[in-house]
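Chain lettering (A, B, C, D, E and F) follows the sequence in which the chains are written, and residue indices restart at 1 in each chain.
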Amino acid sequence: MLPADLIEYENTPPEVRSVFDDIMATRKVDKVNNFWKALANHPATLRRTWESVKQVMAPGELDPLTKELIYIAVSVTNNCGYCIHSHTQAAQKAGMTDEAFGELLAVIGMANETNRLANGYQIPLD
Amino acid sequence: MLPADLIEYENTPPEVRSVFDDIMATRKVDKVNNFWKALANHPATLRRTWESVKQVMAPGELDPLTKELIYIAVSVTNNCGYCIHSHTQAAQKAGMTDEAFGELLAVIGMANETNRLANGYQIPLD
Amino acid sequence: MLPADLIEYENTPPEVRSVFDDIMATRKVDKVNNFWKALANHPATLRRTWESVKQVMAPGELDPLTKELIYIAVSVTNNCGYCIHSHTQAAQKAGMTDEAFGELLAVIGMANETNRLANGYQIPLD
Amino acid sequence: MLPADLIEYENTPPEVRSVFDDIMATRKVDKVNNFWKALANHPATLRRTWESVKQVMAPGELDPLTKELIYIAVSVTNNCGYCIHSHTQAAQKAGMTDEAFGELLAVIGMANETNRLANGYQIPLD
Amino acid sequence: MLPADLIEYENTPPEVRSVFDDIMATRKVDKVNNFWKALANHPATLRRTWESVKQVMAPGELDPLTKELIYIAVSVTNNCGYCIHSHTQAAQKAGMTDEAFGELLAVIGMANETNRLANGYQIPLD
Amino acid sequence: MLPADLIEYENTPPEVRSVFDDIMATRKVDKVNNFWKALANHPATLRRTWESVKQVMAPGELDPLTKELIYIAVSVTNNCGYCIHSHTQAAQKAGMTDEAFGELLAVIGMANETNRLANGYQIPLD
């Protein structure tokens, strides 16, 4: 059962294929990555997750690069290796430079430190 | 010992006072918040943390608002109540609108979800 | 020192062997897995952990499969790769289907998301 | 901005009201709880989260009580106070007894312990 | 169901009372704290947890103060408010000074920061 | 971009080289490990992190071995594989025996368990 089977496009039932098609069309790529191939094991999760990600990551007041930086901040804090890799690649595609990546990790590290100082001293709200 | 004593400006020894003065001058405010008053219980931690935060949060390739959003992403993921409050206030000061805050939390939530889907399916790197 | 030596049955001192024997007898298997072989480096931890796991995972009001699903929920949230693998196998043995596994991960993902929405909005108790 | 305003039914715009109506109809209750009132600050998040929760928590191979137990396991591991309260209430409504709650917490505690033993000994997969 | 009822000594059934008696005798105190009163809702958890804590926290190669510092490091990292309070008190009783507490939090903060730098850069083992 | 390039001594610009020199001199070793080579991608982070680690890990009221044990406790709780390895090696160098390591992991495991029992029962402060 683990690691999950990666469902390839040519083997997908219609309800999976239509999601894969939408991912590729939306992102202008010609293949989906392993995350979606794994989620295809449970088509309802695949569709719901894709619809949610598509909505949440669309440009809004926050631009796509900023949203990717936030995604990395969460993934690094949770130590999700797959997610760190895939969203760092996405952020690079969206224009993140080496310097920006260095600054991002510096902020993530500092926030994780000061979160614990605030916990440890049990600091009351201002 | 807990919650930590909050060291007020008028009671600070010189090595604390000079840090408080620098915080107020750098941020153009006339008082420091509870985080710094608590850290003042251990002056070496106060000075090191302030010098680090000042460096890390200074404008760089990432602007101050983006850095605050990243700080919130970490703090929400770790559930640090004090940090969520203080950095949400800082982000508002730096220009975060209600809509941006809503989008920020949506991305944070989604990232925390997909991190666990990636863990649960043990998805290999692309 | 890391990764821990895996202590094999034939090399175990008596206080370890008796625990290994009890694990195999209780679970009706003819070998213990790596978790127990690693814990055997500290026999007091081995014995205490086994006695606790045996008590906690025994059938009660919650049946063994439900307990394994809960174990997976914790392990996925914490991203413990070894634990995700071993408890997914145990859950399969206890009857978890592919569909149930998909539903389980969907709930785990959703809970991790809504936990952060609750944190982020600092929602007061009802 | 925090804690979030709780949007009351009588003050909701139509796109929020229709979600509130669906929550009350689906759950056969006559008011929504604070979680939804807070999410109503960002209607897109409210709708997406409700549609997802409704789908994920519906009876499937896993029954509603089992899904609530999994939700609690995640929420306790992440220490989300609001979520622990609300899902413990939901689980009670779905039939969780005091004994089942005690067993649930025992499994959650044990899993959090053995996750760290596996991390600490860096145990290889079987 | 929450917060848990705190079971007072005079209301305890015999299997709880004997554990409370052992806690008080072992720790040379004349009352147990809320943690044990809450666990008394599930006597099997109370007994198992106490027996485990008694064994694990007993003086060994690591002295009791060092063990309390480790307990605080975990509790601060996980942001368990109750645990931070109770183990900080226990550490003070065992001799932790204000300076030692300041150093402890400094190390905890730094470790939480560098953990994320290591995650973020995906650094391979040396 | 990931895993990060490991910057070797002979390829370092002066502002990196001076930090590498200080690490080697302070620790009396003739090479720096991968953590510092990765941080060298962002020289400001390298310098700040090293200056902070040097200050925080210096002998104080807490001796260097105790500080390493605390570092391990955080790293195991967060499941940072690289950090668990490197700080376990550092602790061994500082005198940690196999028995002490076993006791350390036992305390870490127990604290992670009781943190969740305290969360799950929502125990009020004493």
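Keep this in mind: contacts are C-beta pairs under 8 Å (C-beta built on N, C-alpha and C of every residue); 3 or more make two chains touch, one makes a residue touch a chain.
What you see is a predicted model, and the numbers here were worked out from it, not measured in a lab.
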item	value
Set of chains whose contacts include both chain E and chain D	A, B, C, F
Labels of chains that are neighbours to chain B and to chain C	A, D, E, F
Which listed pair, B-E, B-C or A-E, duplicates the contacts of D-E in over half of its pairs	B-E
Remotest chain, chain B as reference, centres from CA atoms	C
Rigid-body rotation angle, chain F and chain C, from Cα fit (steps of 5°)	120
Of all other chains, the one whose Cα centre sits farthest from chain D	F
Between chain F and chain B, distance of the C-alpha-averaged centres to the nearest whole Å	22
Cα-centroid distance, chain E relative to chain F, in whole angstrom	23
Overlap residues in chain E, where contacts from two or more other chains coincide	2, 41, 44-45, 48-49, 52, 56, 77-81, 84-85, 99, 103-106, 108-110, 112-115, 117, 119, 121-122
Chain-level touch network, classified as line, ring, star, complete or other	complete
Residues on chain D engaged by chain B in the complex (per definition of touch)	1-2, 41-42, 44-45, 48-49, 78-80
Residue numbers on chain C that touch chain D, as the complex places them	2-4, 6, 33-35, 38-39, 41, 45, 49, 52-53, 56-57, 60-62, 66-67, 69-71, 73-75, 77-78, 80-83, 85-87, 97, 99-100, 103-104, 106-108, 110-115, 117-119, 121-126
Residue ranges of chain C in contact with chain B within the complex	72, 76-77, 79, 81, 84-85, 104-105, 108-110, 112-117, 119-122
Residue numbers on chain F that touch chain B, as the complex places them	44, 48, 52, 55-56
Interfacial residue positions of chain D with respect to chain E in the complex	79, 84-85, 88-89, 92, 98-99, 101-103, 105-106, 109
